[in-house]
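Here chain A shows up in two complexes: once beside chain B, once beside chain C.
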Partner chain A sequence: MASYTIQNVDDRQDYRLILITNNFKFLIIMAQKTYAGITVDVNEEGYFTNPSQWSKEIAAEIAKEEGIILTDKHYAIIEFLRNRHNSGEALSIRSINHSGVLDVKTFYQLFPGAPLKKATKIAGIPKPASCI
Partner chain B sequence: MKNLVIIGGGTAGTSMANKMIKDLPSDKWKIIIIERAKEHFYQPGFLFLPFGYYTRDQITKPSKTFFPKGAEVIISEVDRIEADKNLVSLKDGNSISYDVLLIATGTRISPEDTPGLKGELWQKSIFDFYTIEGAEALAGFFKTWEGGNLVINIADNPIKCPVAPLEFAFYADEFFFRKGIRDKVKITYVTPMSGAFTKPKSSKFLGSLMERKNINIITDFFLGEVDNKNKKILDFGGREVPFDCLVTIPLHSGDPVISKSGLGDEFGFVKTNKMTLQSLNYQNIFVIGDASNIPASKAGSVAHFQADILHKNILSFINNESMKAFYDGHSNCYIETGYGKGILIDFNYETEPLPGMFPFPVLGPFSLLKESRINHYGKLFFKWIYWNILLKGRWLPIPSRMSMTGKITD
Partner chain C sequence: MGNGAVMEGIETNLFFTFFGLDAIIKNRMDKLHTAVVGNPALRLPGGLRMPTLLGIIPGMESLTSWMMKSGMAKLDIPPVSEFLDLITAGGGKVYACKLAMDMFKFRKEDLCEHVSGILTVGEFYEEAAGEGSHIIFT
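The block that comes next holds the complex of A and B.
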């Protein structure tokens, strides 16, 4: 039994066909975690593999794991990151400065250490891959 | 008569002009190249300049040498692209209309975007090697430098030729060893990435190579500012790294023309379809090389592979056919590792650099993700290929789509 997912990778011309057999699917789903009573799919580093499973309540619990209590400021940047991810644009530290939400220094204060890695995890979107 | 206008006569624009002129009927189409510089630099040579392996003359030729006969060349600066009117306005007041526009304006360093980077120590203790001026100034500095903290820092991605900073570190290790002062030079590689490189396999390989060569690495460091007084770089979180000589790879931006024309993202790179290489905003605008915002390396090999795709797609577009060629993100680069050796990596959007042989299985002759002498000679020989084959838009025995042949997967 095989299931097919047609993923729109580019809204203009291309459609890529991704074939996932049920057996293989079992192998590629790395893990599940339960936040706020809801079970979500995550990868081996704890990043969401299905951003639509995310909610604000879930975000607050992931943040707690990272030692962060979310405020309105946190949620504003999380919303920016999610919107940007949904529109297919790459995320970088530089792009934060252009977000109109906050500057990079504040971003570091809100998510100390590795802000982009932490914020994307809490925002329920993939870890940004810096392209080469 | 219709016009194909190419803005930018660098690696990408020049090879495209040479490809297109063969297939566009000269009684119907005119190719117009707009370029501001009279000199064409072999940019991979910038890496060699600071160590005295090349001089400026050895990597410079007149731009006009490489433009095809029959193309009109305008040496001028573009003021803006008026895409709604199909018009390119020049700074001298003239304007040129186009039927198809190819943007090949490249990328540039913008050290002025980081506070303190272009301060009082600029070209005294802080150098770039992404410009001819920077590379030459650094060569002069290295001649008399007696040692100290050498810090190589990438401000943030994207940058042109993402492997060049690594090669610089490896060359520095060898250079100061041969000078007899390696024990007095502490080399530290400070990067915004979480390892020596981006993708897991190559990052691990290059990371252990750095360890063997006694090059320290500091990761996840996004350059916030430079403290000229205390000779330190600071990240946005306040982490500090002291330097005596800072080799910076500053932030990169697209050409100012792109933002001014409303075609770019926030960094001035043209919004481009990563498969067809067509502008996302205008159907008759195509983009090649470093100027685009697609998630591929900003490198000559990328422009070369894209040229094959664009050549087909522009012809389809002109003939009112649907575009059939798709760019897969293919990139291929030699990485010099010092002491006459080098490695080679080959990858695309989906496939990370893998070990194996290239381009033929077993026979190679180049080995992937492994040090060898022949890879180093490949890099040296590439200069000849660049001037004589790549810029001329001639055929090379490497397909524009990445192949898994010869690659070893787990």
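The block that comes next holds the complex of A and C.
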């Protein structure tokens, strides 16, 4: 889902759509980023707003920004995350145990720090709204 | 809250004391009950306040605990032992309170495998010292 922020419209160049009412101008920000020579739509946190624009090459570049070199194991879990997102299932750290690809401990090792946030960003899908 | 912190990449240490110890005692952790007396958050189905006296009816505590557990399962909230699996898998540390251990006469062997050690409250505060640290009591 795209995020909406109200700001002074005249200061921004990266908008797509402006809604103007009597008193306010609403700016819907849909920033863009270029990975592997392809321009993709992202929200202000860098998460894809259109997961179909994603590719493996793009993933490798986002991962590099996060300081991660992708291996086959990374790609396997990224594929699991994308499939789960596409089928409309909620993502949680617990669901990694059901992936059949790796366990939670390895997941933390592959994406150090905040693995679910990093992995979904690299996988080109929205940031999960999960507490677990 | 501990698991949430680990998920955010925040260094996390959990300290279990007093009746909170039950959550890290091997044969009790997955059999925790919901308090039916003196629990201000408890509501009857439909949202009416649960009169405290109803809590003393035999079976009420089991029924309430069962409802709580099935509600948690519906939201995909794991049982306590699995929660501790997730926390320790992410590098979170779990400690037991020495005084509470002594008071309830628990031994080290009674604790689950997730526990890294038994600390005095002072030792835990040392663990939590340093700039940018927060201690959260729940």
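We adopt the following convention: the second predicted complex is superposed on the first by the 102 of 132 C-alpha atoms of A that agree within 3 Å, B and C clash if a C-alpha of one lies under 4 Å from a C-alpha of the other, contacts with A are read in each partner's own complex, and residues count from 1 in each chain.
Keep this in mind: a contact is a pair of C-beta atoms (placed from the backbone, for glycine too) under 8 Å apart; a residue touches a chain by one contact, two chains touch by 3 or more.
Here the structure is a predicted model, which is why all the values come from computation and not from measurement.
When the two complexes are overlaid on their common chain A, residue A:Ser87 makes contact with neither chain B nor chain C. Contacts of A:Val104 after superposition: both chain B and chain C are touched.
In the superposition on chain A, contact of A:Thr39 is made with neither chain B nor chain C.
In the superposed model, A:Ser52 makes contact with neither chain B nor chain C. Looking at the shared chain after the overlay, A:Gly113 reaches both chain B and chain C.
Between chain B and chain C, more residues of chain A are touched by B. In the superposition on chain A, A:Ala129 makes contact with chain B only, not with chain C.
With the contact threshold set out at the top, residues 90, 92-95, 104-105, 107-108, 112-115, 117, 131-132 of chain A are in contact with chain B in one structure and with chain C in the other.
Of all the residues in chain A, the ones that touch chain C in their complex are 90, 92-95, 103-105, 107-108, 112-117, 131-132. By the touch rule above, chain C contacts chain A in their complex via residues 3-4, 7-9, 76-78, 82, 85-86, 89-91. Taken in their complex, chain B has these residues touching chain A: 156-158, 162, 192-193, 197-199, 220, 222, 224, 236-238, 251, 265-267, 273-276, 280, 295-297, 323, 326, 331.
Listed in rising order, the residues of chain A touching chain B in the complex are 10, 12-14, 89-90, 92-95, 98, 104-105, 107-108, 112-115, 117, 129-132.
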